[in-house]
Structures are given as structure tokens and as C-alpha cells.
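The following pair of complexes shares a single chain, chain A, combined with chain B in the former and chain C in the latter.
Right, the complex of A and B next:
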């Protein structure tokens, strides 16, 4: 129970700080929207969007916005030196990791609430044709991305060149998650949504999530200890 | 240097010198003919890349949880060799693909996941070089994720329909091909052992020199 309580407290702390200033939320959401617009101008021909562009653009925007959100959130920790305070607290490190992960997930969920309808609007994509499967895809996909991202962002806090190293380290590992997300979303966006294929990709994403969270929980403690 | 280093090096060099003779003697494959013989370099390199990724990952785990500097040195060497042998795989593959499939590259499950595995270890080297203090532990975490990726790359051909041949090819080789193939595998493994030992020794000496510098500066 201690584990869950610590995770909850860390998450609540992060969300309280975020709600007060809303800095990361607004800037990340705006960045995601700008990202989508850039792709809209790049991939639209004669006023019509390219087919199948919507799935890819959505997940690219999630990946880029997610990287930014991770960087900003941990930059805030570094600036206030609160990460050291967290490490000094008598709390198990994996619980701190889970708390941070849940905070990032909440932030990204808020961004996606804005992003998914916007992409659907701009690219004429029926994201809500199978809402349960779509939400499952988003949850498992964003979860896998955030699981690895939280680990790497936390361990890069004290490193040099941390801004460029986060994408460099994160993307090769999370590209399979993005691929699965895109293929699953594309299956749902077809004229007749292919639920079977989407379920297969969701299962794969769940597998990735389990592997990534397990590895992250295992390595968080030795990585954060000096 | 261990006494066995030079003999093993000589044996490895001799095996590489003999290999073309054996490969020429192997039977032609039915559809691809001569082009198929890149197989004798492509597959052993891939096997060595996977092995090296495992060595790097396991050494990194020992370093993260045991803090032995020797493990870190082994991990560095294995990480570099993963990139080297991965590069061989990623060059010989497209050369073969161009003739066999008509395209240089295809975004199927095996090629994509192999490229990503290679990139993970390139990122490993980047973080070691540019990460500043503490980058050895960051790199170790990266290597662990890379190691977890290897089984996924291997089974990707069996799970998905890919243009790349399945893993059943090696167990079911024609009799005439088995000899040269396993000979090539042995040659590549010996080469890997020699390169790994050499690189670890270099790393050990570099660390010793650095320690001497620090001691000299303290005086």
C-alpha cells in the first residue's frame, strides 16, 4: 500500500504544480497543434489531405509533444532541485518512478483530448468510429512511450546535452510503439474499421508496455543513485 | 595480453583466407545463383551482432547492479562491435536485396527492427561520448533496452509476413551449404572474440592512463 500511496503523492504533487501554472500543458498542447499544422501544409494536395495521413500525423504529434513535455517537466525538477529531495525521501524508487509516469500520462492525456479531434477535423478522419478501441490504442501507445520516456528523462537530468540526447535515446526504442500505434489507428480509420487488426496491435502494444515498465522499474533505482 | 591471443588471431585470419575457397565450392541456390553467396557473410555477421548485443546488455546489467568497472569496459567494447557488425549486416543485406528482391530496402518487420536495434546501439555510443559525467550508467540502461530488443528482431520474421527469409532457412540448409556456412560462423565468432579481447584491453589501458593522469594532477 505504501507503494501506491507514494506514487499517488508524487503524481498529485506534479499535477498540483502543473495546474497552478499550466505552463507545460499549454505550451505542449500548442506545440502539438503547430506540429499537426506543419504536417497539414506539407501533406495536403489541392486542399485535400493525403489518405492515411491522419494516423501517422497523430502519432508523430504525440511523439514530439511527449518528448517536449518530458523535457520540460524534468527541467522544472532540475531547476528547483526537487529531484534530489525526492531521492532523499524515504520512499521506494520504483514508486517515485510510477508517480512521475502517472503525472506525465495525465499531461499527455490532456494534450491528446485536444489533439485527436483536431487531427480528425483537419484530415477528415473518423477517429470516433470505434471509440473504445481507439482509446485503448491511445492509452497503451502513450503508456509505452511515456514509460521509457520517464526513465530516460529522469536519468538525463544531470547529463550534458540532455535536450538532444532525450530524442536520440528515446526514439529508437519507442519507434516500435509508434509503428504499432499508427498501424492500429490506420486499421480503425478505414472505411470499414478493421477491429481484428486493431486488437492485434493493441495486444502488441500491451506487450511492449509490460516489457518497458518492467525494465524501467528494475533499472530506475541504480540509475538514479549516484 | 593472454598467451592465446596471437594463436587465435592467426587461426581466425587463416579461416577467413580459406573461407572463399569453401564458399565457391558450395552449391548454387536454385533461384538466386551466385548472389545467394552473400549469405555466408550476412548471416554470421547478424549472429555476431545479436551475440554482441547480448554481451553488451549483460555486462551493462552487471555494471548497473554490481558497479564493477570491468563490466563497463566489456560493455563499451561489445557496444562498439555491435555497431560494427550491425553495419556489415545492414550493408550486405541491401546489396543482396537489390539483386534478389529488386529493391534496396523494404520497411518490413525484420529490416525495420534490425535497423532500430542498430540505432539503439549507435545511441549507446553517442551517449557514452557526449553525455558527460554519469553517462556510463545512462548508456548501460540503453544497452539493457537494446538487449531486450534482440529476441523481438529474431522472431519478427516468423510472426509477420515479411520479404526477408524466415529463421527456418538455417536449420534446413542443403548439405553442401552447411559446411561453408558453419565454417563462416566459426570464423566470424573467432574474429569477434579477437576484436572484443583487443578492445577490452585497450579500454583497460585507457582507464589506467586516466588514473595515472589524475594521480599526477593531484600532486
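Right, the complex of A and C next:
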């Protein structure tokens, strides 16, 4: 009960801060939209996009925007060393990790609300032909990416070259998540959506999520102790 | 379940950052009802020592015992009894003064977080600015708010890093009064400061650090600034030794 209360407190604090500043949401959404527009100019010719490009563009935009959101969110905690104040609290440190993770997931969900229709529009992709499966893919894929990203971003918060190190550490580990997201999305974008294949990728993503969240909960406390 | 302690014993603590030595073989004891100063020039290791006392850093060697337990043995129970006012004030600039205090009070499991935050705002003289976001506050106002944040959960050990920074004379005097009240309540207070004029008469003892070494435990009389200069001058000589507090040292004032 205490665990959930602390996670809720941290998430609510992060969202309150974000609602006041809108810094991370605006920069992340702007970056993701710019990214999609550039790809649209490159990959859509005479109104016809490259086959399966939409799935790749969507997940690249999510990964890049997610990296930006992670960096900015923890930069905010570094600014007044508030992360140390969180670590000093008698609360469970894994609960603090879960709170930060939920805050980042909420931000990325808001970005995806803009991103999915935009990619759908520019790349003629029917993301909502199987809405439940698409939402499941987005939830599990974003969850896996953010689970590892939150751990690394917190760990690197005091590293001098954190902006460089975060993607260097994050992308190799989350490549399976991105690939699963892309393949699952591509299966749903076929002229006849392949629900079986999409379900298989969703199951794989759910497995990654369980592994990544478990490892992160296990390692957060020792990694945060200097 | 609660955890309490009457003294903090720092035993042969060293801390290294790679090859750089930040602290070397520090040994002293801080007792309940005492304000212990950490004095020394920039880079002496005061903030590192405070971070280790706050359990935010682990020592490379040696140990700190809070009563009869180490930080590892006491875990979150110990963190519930620690308050830290760091140089970076640990406040969210986008939140209001009230939201900051309520957030940290709830995080520390304080029973009536709202009432406690209101008390803190009153004591900090910020009740009229309670709903203003912290970004608009002066350094002194933030310092007062941060002190209340550190005290929200009634810590047994209060660690202060340059607590007088940015305070005007009236605020500094109010802080001195507050620290004396904490001493009277038999809390343990450790304060790192360069502000020797304000600290003079407030500190019961002072650990003087230089280049990561403890060069003296000062319990003397006379102007603190002169004693400090004498310790620093002596500490520069080769062979200067760490001093343990004298067994017959007087009770804290």
C-alpha cells in the first residue's frame, strides 16, 4: 500500500510540474512531429509511401521522443538535486522508480496521441483497423522502452556526459523492443491485418516488460547509491 | 517501528573519487543536544562528509554508526530520522511553497501533511506566499523554505550545508534561534559553514577539515575566526594529527 502511495505521489508531482511548465511535453511532441514530417518528405512519393515505412517511422519517433523526454525529466531532478531529496526519503526506492516511470509513460502517451494520427495521415496507415491490438502494442512497447530508460536516466543523472551516454546505453538494450513494436505494427498495417502475428509480438513485448521492470526494480536502489 | 539514537560516531571514514581523495581517515563523534560545526576552506571535504552522514554517499573505508547501527543496518528507518539542508536546496521550482512542503511531508509519511506544511510555512515567514511557485522566491526565502522542508518530519539528526547563505541579518538571527531550540530538544545538528561570525557562539564544537583531513576538533574559547585561523595554520604543517574530542569535554551548551 505504501509502495503504491509513494509511486502515486512521485507521478502526481511529476505531472503537476509538467502541467505548469509544459517544457517536456512541448519539446518532445515538437521533436517527434518534426521527425515524422522529415521522414514523410523523404519516403512519400506522389502520395504513395514506402511499404511498411509507417511502422518504422512511428517507433523511431517514439524512441527518439522518449529519449528526449527521459533526459529532460531527469535534468529537472538534477537541477536542484531533488533526486537526492527523493533518495533521502524513508520511502521505498523502487516505489520512487515506479513513480518516475509512470510519469514518463503518461508523457509519452500524450505524445503518442499526436503522433499516431499524424503518421497515419501522412503515410496512409490504418493504425486503428484493429484498435485494441494497436493500443496493446503501444502500451507494451512504450512500457519496455521507458522501463529501461527510466533506470538509465536516473543512473546517469550526475554523469557529466549523460546526454551522450543515455542513447548509447539505451538503444542497444531496447532494440528488441523497437523491433517487436515495428514488426507487430507492420502486421496490423497489412491490407488484411495479421492479428495472430501482432499478438505474438505483443506477447514478446509483455515478456520484455516483465523482465525489464523486474530487473529495474531489483537494481534501482544499488545503482542509485553512490 | 521507529529508530532513535543519541550519538553519531564517524570512525576512520575515507572517501575517494577515483584517484582523488576527498576525505581521509576522519574520526569524531556528535552527541545529542549538540551543534557541531564543520569548518574548512573550499574543497576541504565538508559537503562530502555531510553527504556520507546523510547516507547519500557510501564511504570508501571506515564506518558511521548512528547509535548502535550503521546506515545499512538501519535502512529506511534511519532515513526517516535524517534531515538535510544541502547547498542545492532540494525544492521543485515549478511547485508552490505549500506543494513542496506537502509533497515531502507525504513522502516522509508525516501524519497530517497539510497541517505540518502550514506550520512550516508560518515558521519560515512564507504563509502569505504559500501559493506562489518557488521560482519567484529570493535565495533567502528558498533557504528558509528548504530548512522547513528538512525539518518537516522531526529529524533526530539535522545536517546543514551553508545554512546562512543568502539570509539577511533578521533571517540569520531567526535561524540561529531555531538551531538553539533544536539543541534544547536534544537533536543532533551538524552544520558546515564559512560564516564564522554567525556561527561564533552557536557551535558547541567544530571539526576543522583541510584537504580531506580532520586537523582539529575545536572546543576552545575566544573568537571563532581566530581559533579557526590558528587551526588551519597548524594543519598546514606536516604531521598534524586528527584530534578526538576530550573525554572531559563540557556538556553542550
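Annotations
Criterion: the second predicted complex is superposed on the first by the 224 of 226 C-alpha atoms of A that agree within 3 Å, B and C clash if a C-alpha of one lies under 4 Å from a C-alpha of the other, contacts with A are read in each partner's own complex, and residues count from 1 in each chain.
The definition used in the following text is that a contact is a pair of C-beta atoms (placed from the backbone, for glycine too) under 8 Å apart; a residue touches a chain by one contact, two chains touch by 3 or more.
Please read all numbers here as calculations on a predicted model, not as lab measurements.
Applying the stated contact rule after C-alpha superposition, one finds that A:169 touches chain B and leaves chain C untouched. Looking at the shared chain after the overlay, A:118 reaches neither chain B nor chain C.
After overlaying the two complexes on the shared chain, residue contacts for A:81 are found with chain C alone; chain B is out of touch. In the superposition on chain A, A:16 makes contact with chain C only, not with chain B. Within the superposed three-chain model, A:91 lies in touch with chain C and out of touch with chain B [touch as defined at top].
By the touch criterion defined above, A:6 lies against chain C but remains apart from chain B after alignment on the C-alpha atoms of chain A. Contacts of A:222 after superposition: chain B is touched, whereas chain C is not reached.
Of the two partner chains placed by superposition, only chain B is touched by A:148; chain C is not. Chain C contributes residues 51, 54-58, 76-77, 79-80, 82, 84, 86, 88-95, 99, 103-104, 106-109, 133, 149 to its touches with chain A in the complex.
Residues 64-65, 112-113, 116, 119-120, 122-123, 126-127, 130-135, 137-138, 141-142, 144-145, 148-149, 152 of chain B are the ones touching chain A in the complex. Per the touch definition, chain A reaches chain B in the complex via residues 148, 151-152, 155-156, 158-161, 165, 168-169, 172-173, 175-176, 179, 211-212, 215, 219, 222-223. For chain A in complex with chain C, the residues that touch the partner chain are 2, 5-6, 9-10, 13, 16-17, 20-21, 79-82, 84-92, 225-226.
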